[in-house]
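Presented below is the structure to which this report refers.
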């Protein structure tokens, strides 16, 4: 029951500045796609447009064959389009577990009344939801931290909590924005393996914005290259990284971007 | 250590025996505190205790709205008024306390919906102003409908007589308010462990994350607002039963500001904080009575409020948590339980 | 006899509106540089005016000197509050400033009652006696003084903010204290300076209000509330919009009271507030940085 | 929890419930003591709370801080001065009278808390006077429940002074009577066609309006009622309404500050009708402040005018100055007479139980205070006086037009 999302001639403007120009692309079902490009290529804007956090100036976005161009972000999330943020956004004073549980929003919940009055339905749901959360935390190696308050966690773990919140509801379509940024080599590897494992289990569609080529090549079977708001090409990692346009635009600049 | 809202809610969780045991002490402390008046207090202090409980219930409501959902309200006192006057008007038409309670809950909720709907888009400060405006309107209404409300002269409230309790006796009033306080405290604590509670926290900390997982913010804001109003209404209704007299000044802007002060001073992040704050605000004047200087309160009260707020920037709860934290470490160094 | 009631109303509304605006101005500049809601601000003015009255009536000082004395006190008190708030209140403690200043508010009331008394006193009417009739409208020196003075002060502060280097520094430290610091601006001193200026404004407004009504330990609260409300509607991060709203409230209130009856004044004003805030365009209400920043 | 804990908690619970029932019992009987209904049964041998062989504790709450403080403090001092005098002469029934006044901040709920404190902690015998309507009303339901007699509080209200609150003995008129009485005087002197009333919104205003209406009856006089909310920041609109209406007499039932503020606003536009104010404005505290804008204003006299001409008040003024070293104000006088009436009631009580005090209060008949009109209470009468005097402000003095007696 996985979906694929499709953008057609999507243009996004911020005042005079055009962040996305006539972009048309799609994320194939059940495939992990890497989105690469130098800073300011429009990668994050693309994610925002797909997840509904930015209004598109022109063009359409389809989820499966449903037009979701004008659907507000929270509705898209309920349809299973869940995204993570480049700058971690967490409930700073709540525990890791609660942060992850927040992600269960799109799953069928007991009504507010039975939640507030702690009726039986709520107890049952609570038990099962906590199981879900524990599994994800297990997967990302956070089990030991589950009762800790997130503002006391090291940055790497905070990132993982963000990822866990995204994954806990087993969404059909996941958009991650540089999930490995700030992780050390080992962390990146673990994260990649974890994502790969989840993908094996649920076969969800995943788009990852990422600078780190190793990470992309290890994880992604499909890569989309962008530059200055335009879609350049899509293909297997090998094809894309081999392509001269990508060579110049991406490596050319990103090297001194990293320097 | 985890925030007490969770620790206590986990203490009442069915699952997680470990947590449950760890927080038994907290529960015993609460029970002990609740017993103090019964064992040691005479009529006057029993009355103060009952008033404190009613006030604390309203403070808990504001804690949900301000501390958990991060929405600032200057109308909690007015919602106490909505509860109190609803009860009064009904009781003067011979409606039984049970039905009064239902009406109080319903009307407080509906009023909150009406006030809340237009404010959904507003930033916290602006929400504060709208609630302030509502409070002023409500007070004006009380004064200008004297045929129903008794106007500026206030209104004597028939004591509640339920299950052989008669709130005109401080002890009975205390027992009744205590029953409500216990139930509502458990509900407030439970909120922390629910998805509704997390949605509210998300509105407070990061609306983006809330939206990204599919939270519809306006609905959550409204629920928080209505919930706090219902707590306020019940608190006000009980207050009217405890004191047997209500008047507009009991529910004016200052009443609301003092409730906010209670929540902030107590430590806005936790339900316990609301109780500590309520205790501080209610007992401060009584403290001056104890030292035989009842008339000094007017002068020193304000200064004390400011100083306490400055010294304990994390609120009384923060200080308490630090103390218990130290105690724990000391104990564990002595290698005792834990 | 005001044979033109409407004109008379507008004049009255305008003058009290300008008084709200003037008080709001002081409230505003403090909020903009140190993001503090000073609940006690009206009382700072009260301290000034009330002590001015004491100096004038009991110590028989000449009025100007008495007023100067009051202003000085107000500056001292407001700076004290400023220092406390700036140095003692950590950021990310929303609401704490409100509570602290509430405490100070209560303390100031009680203190002034103790030092002077709890009675209401008549303040010199500052030209309220000398009047001329223009087009059926009775205008007196007091009204004119208020109109001129408030326009001058508002204009002056605006120039200070927009034209001078101090103003630049202020705006910078309002935008981002860190950057301002790095640019060699002494943010703390600047903020303190603003608090002092605000102190002056508060005292001046309080004296003017007292000259129209009377002075005691409480009379400034309603003025402050209306000024505050105007600031919220107009936007605490703007300059002229909120001040205009303040004047508007003054006039609207006068008209409402005249046409709907005195007891209708309160509901008329606050209903307007609710409606105004509920229908304000999004860009206005998307003012989250109001509380952050 | 462990079996041991279970047992323990069960025992606590049981204890609490029993204790609870017991206490409830006490509470019931406790409130029963002090005599049945208001038509009090007086058992001379009974000794009420707060009474020892050497002292009688009396008390009340008054605004000692906040916007009402000025009048509260003055009234308290007046009472204290009188009791000092009585105690110096050996007290009442060979007992010294001990006065306790707590601060109610002019707030009803605070007033009630303090009153409970007085009755339950301090164990006062009776309530001696009081000052301020809304705050005192806050204590009334409690006093009635506890059957504690309250003697001559200054709390003008149509809710008091009748058998619906039989334990409150009123020697101050409510606003209905006050303005009926004042209007009666005005209509004897003059026949205006338009009068206006500017009064604090709510019961005060409504009562004043009712009083004026009662007196106007079917006479052809237009009455404009403008309710005001304390804290008005701009009086221009009210003044405009008055000028438009063209009122010849303007009744003012406002706080000192607002009365002064409104008169100033009238003065700013040069509008000068005959102002008529309630009793509070006959206080020197007002006249000394706002005399200049209040020239020719009529004021109700609730207490005898403090002037050397009248022998009774001359004597009082001398006495007061001798005791306190300061000339009395209206509210000192107010407190003085409250204490005087309380003392009289205690002196005439057959026994020092609340029941007997109530009985002695009900036996008051044309009691002359020299300050209030003669006071009469009875088994079914609680309004001790039914008229006020009228005076006019001239310079810094009051000239009596119609005496209180």
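Should a chain be cited, it is by its letter among A, B, C and D, assigned in written order, with residues numbered from 1 in that chain.
Note that in this section a contact is a pair of C-beta atoms (placed from the backbone, for glycine too) under 8 Å apart; a residue touches a chain by one contact, two chains touch by 3 or more.
All figures in this text were calculated on a predicted structure; none of them were measured in a lab.
Novice: What chains, if any, are shared contacts of chain B and chain D?
Specialist: C
Novice: Find the chain most remote from chain A, comparing centres computed as mean CA coordinates.
Specialist: Result for the farthest chain: D.
Novice: What is the distance, in whole Å, between the centres of chain A and chain D, each centre taken as the mean of its C-alpha atoms?
Specialist: 73
Novice: What's the distance between the Cα centroids of chain B and chain C, rounded to whole Å?
Specialist: Once rounded, the distance between the two centres reads 33 Å.
Novice: Go ahead and note the Å separation of the Cα centroids belonging to chain A and chain B.
Specialist: 40
Novice: Report the inter-centroid distance (CA atoms only) between chain C and chain D in whole Å.
Specialist: That gives a centre separation of 37 Å.
Novice: Enumerate the residues of chain C that touch no fewer than two other chains.
Specialist: In chain C, residues 109-110, 113, 263, 266 touch at least two other chains, as defined above.
Novice: Give the residues of chain A touching no fewer than two other chains, as numbers and ranges.
Specialist: none
Novice: Which residue numbers or ranges of chain D touch two or more of the other chains?
Specialist: Chain D, residues with two or more chain partners: 65-66, 201, 227, 229.
Novice: Could you list each pair of chains that touch one another?
Specialist: Taking the chains two at a time, the touching pairs are A-B, B-C, B-D, C-D.
Novice: Would you pull the chain B residues touching chain A in the complex into a rising list?
Specialist: 2-3, 6, 13-15, 187, 190-196, 198-199, 201-202, 204-206, 208-217, 223, 227, 269
Novice: If you look only at chain D, which of its residues touch chain C in the complex?
Specialist: Where chain D meets chain C, its residues are 65-70, 73, 198, 201, 226-229, 231-238, 240-241, 243-244, 255-258, 260-261, 264-265, 267-271, 285, 289-290, 292-293.
Novice: Using the touch definition up top, name the residues of chain C that touch chain B in the complex.
Specialist: Those in contact with chain B are residues 37, 39, 84, 88-90, 93-96, 98-111, 113-114, 225, 228-229, 232-233, 236, 263, 266-267, 270-271, 273-274, 277-278, 282, 285-288, 290-291.
Novice: Which residues of chain A touch chain B in the complex?
Specialist: Touch list, chain A to chain B: 51, 53, 73-75, 77-78, 82-85, 89-95, 98, 101-106, 109, 112, 115-118, 122-123, 126-127, 130, 147-149, 165-166, 169.
Novice: What part of chain B is in contact with chain C in the complex they form?
Specialist: Those residues of chain B that touch chain C are 66, 70, 72, 118-119, 121-126, 128-130, 132-134, 136-137, 140, 144, 253, 257, 260-261, 263-265, 268, 298-299, 301-307, 309-310, 313.
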